[in-house]
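Following are the structures in question.
You will see two complexes here that share subunit A, one where it goes with subunit B and one where it goes with subunit C.
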Partner chain A sequence: MLIELLTKRYPGMRAWLTQRLSALVMAIYSVFAVARFLIVQPSHYEAWVDFFQPLWWRIATLLFWMSLCLHAWLGIRDVFKDYVPNPSVRDVLDKLLVVSLWVYLVWATWLLLA
Partner chain B sequence: MKFSIYRFNPDVDKKPYMQDYDLQLEDSDLMLLDALLRIKELDDSLSLRKSCREGVCGSDSMNINGKNGLACITKLSDLEEPIVLRPMPGLPVIRDLVVDMTQFFENYNSVKPYLVNNDPPPETERLQSPEDRAKLDGLYECILCGACTTSCPSFWWNPDKFVGPAGLMQAYRFMVDSRDQALDERLENLEEPDRLYRCHNIMNCVEVCPKKLNPNAAIAKIKDLKFEQAREHKNKAKKHIEIKSV
Partner chain C sequence: MQNNQQKNTQKARLRPGQMSRPKNLNLLTIRLPINALVSILHRATGCVLFLILPIILLLLQFSLSSAQHYETVIAILHSPFIKIMLLGLAWAFFHHFFAGIRHLAMDVHWMTTLMKARYTSKVVLVLGALATLVLALKIWI
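== the complex of A and B ==
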């Protein structure tokens, strides 16, 4: 049913639900991240590298980044819609937002999986 | 009692200004509307709407000390001086405290605030069970004063797109009416991203409603109905596939 609501048939619900689901992913990851951080307590560069060594953790972190980018895109797009009345300026800002989020996502993917 | 009132007459004034009044109240002046009518006796150029003077018609909604409300049911003893009165925000000012509510009512009309029932009319009224009737409580009482909608920043920024709390609550009122047959169409009507989903649950609408209603809860329940609609579509699609495969 959730998948049905994420289809083009429900454009409003799709954006709304995506923002909630991405928040849920980030919340779950954050709990695990804090717990892992408290257990491992990485204190220097090598320890941080080890912290991100397990593949499952890197995939989870990537999932977190994807959710963060989606969440930020939907949220900031709404802020632009509210506070930037000029359509041309808003269009430019929307494009800048998408480009910068893609850059962050590709960068994060490269750091985690390269 | 001291008042500071927003004044603007487009025929005379280039821009709005605040006018101060110092009023000697009578013992019978208990509500803000009583004081406003007293001011109007002294200065008949002041414009405001009023009608029932008992919180039923919703005409005298205005911004009172920064919060929307009805002048006729706001006690003077509850207000801090100077009492600052402005027109409701987010709508064009016609004059002084009178705003143009066209956009508000256009949004209200857009949700089809009437029963849609294609069955032949019965000889008597369309009956409801007491349980079905109870579902309308907390919804039908809305007097369309506009206090909630004009407190909502989502309406301020997108008045032509976001329906607003009052309109959405009335949309839900007809969605849950057992006599209505247009639930799918009503949900479809709100699916455009900005019509319903611009609500960010900041609860201004709940805080200001003079009838103590909860438009925010109605908006959340519309989203619940969306989930139910999607579940039903999925079940229908499943049945369709089963029938085909048989």
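== the complex of A and C ==
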């Protein structure tokens, strides 16, 4: 039943679940990030760079950012669906949204892994 | 009133399948229950957080690029006006976070009766305010 609901026949269910799973990833990361920041307390430049030095932290941050892009895509798309009745205007906005989120994702990936 | 009804039936005849319904878009006449308030704030804060994404990336990149740039970012973040903006944005994050957890809880059928939903709405608003207050104390003291 659940598996069937997640197939391509029910795109709404997939969006729904993606929204929730990405929220969960971000919530867990946020708690960890705040806790880690309070424990490490980076107070100068070197400490701040060290804060982002560990590979596991970069990967966790990237995972957070990927979830954020998915979450923002679905969320803002819903906002457009609700408040932009003109389909051609909405189409343009949807495309702008996707492009900007891809730019942010590539930017964040480059920032964290380069 | 009668005139209005006539208009409505006329419209209904003109465009079959599309009901002409009364519109009440004067937002001041709509009383917003606390659950609705938390819900619309969840959406509004989500939009705000989306809009500041490039600023976050820009600040992160700048602060990590060199010691000099790091000091510049710190100086920017210490100006009183930016601090107030930051606090507003932090509240947006906290509200979105707590309201989101409330939604997740409701998805697994926790706190779904009207009374409980009203109660958790209050909890979300209080937690958002408290978290912002703690941050305010931390950046001003």
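Side notes on the structure shown:
The definition used in the following text is that the second predicted complex is superposed on the first by the 106 of 114 C-alpha atoms of A that agree within 3 Å, B and C clash if a C-alpha of one lies under 4 Å from a C-alpha of the other, contacts with A are read in each partner's own complex, and residues count from 1 in each chain.
In this section, contacts are C-beta pairs under 8 Å (C-beta built on N, C-alpha and C of every residue); 3 or more make two chains touch, one makes a residue touch a chain.
Quantities reported herein were computed from a predicted structural model and do not represent experimental measurements.
In the superposed model, more residues of subunit A are touched by C than by the other of subunit B and subunit C. In the superposition on chain A, contact is made by A:83 with subunit B only, not with subunit C.
Contacts of A:96 after superposition: neither subunit B nor subunit C is touched.
Judged by the touch definition given at the top, the superposed model places A:15 against subunit B, while subunit C stays out of reach.
In the superposition on chain A, A:106 contacts neither subunit B nor subunit C. In the superposition on chain A, A:45 makes contact with subunit C only, not with subunit B. Subunit A residues in contact with subunit B (one complex) as well as with subunit C (other complex) do not exist.
On subunit A, the positions that touch subunit B within their shared complex are 1, 4-5, 10-13, 15-16, 78, 81-83. Against subunit A, the residues of subunit C that register as touching in their complex are 43, 46-47, 49-50, 53-54, 57, 60-61, 63-64, 66-67, 70-71, 97, 100-101, 104, 107. Of all residues in subunit B, only 153-154, 157-158, 190-198, 223, 226-227, 230-231, 233-234 touch subunit A in the complex they form. The touching residues of subunit A, counted against subunit C in their complex, run 20, 23-24, 27, 30, 44-46, 48-49, 52, 68, 72, 75-76, 79, 100, 104, 107-108, 111.
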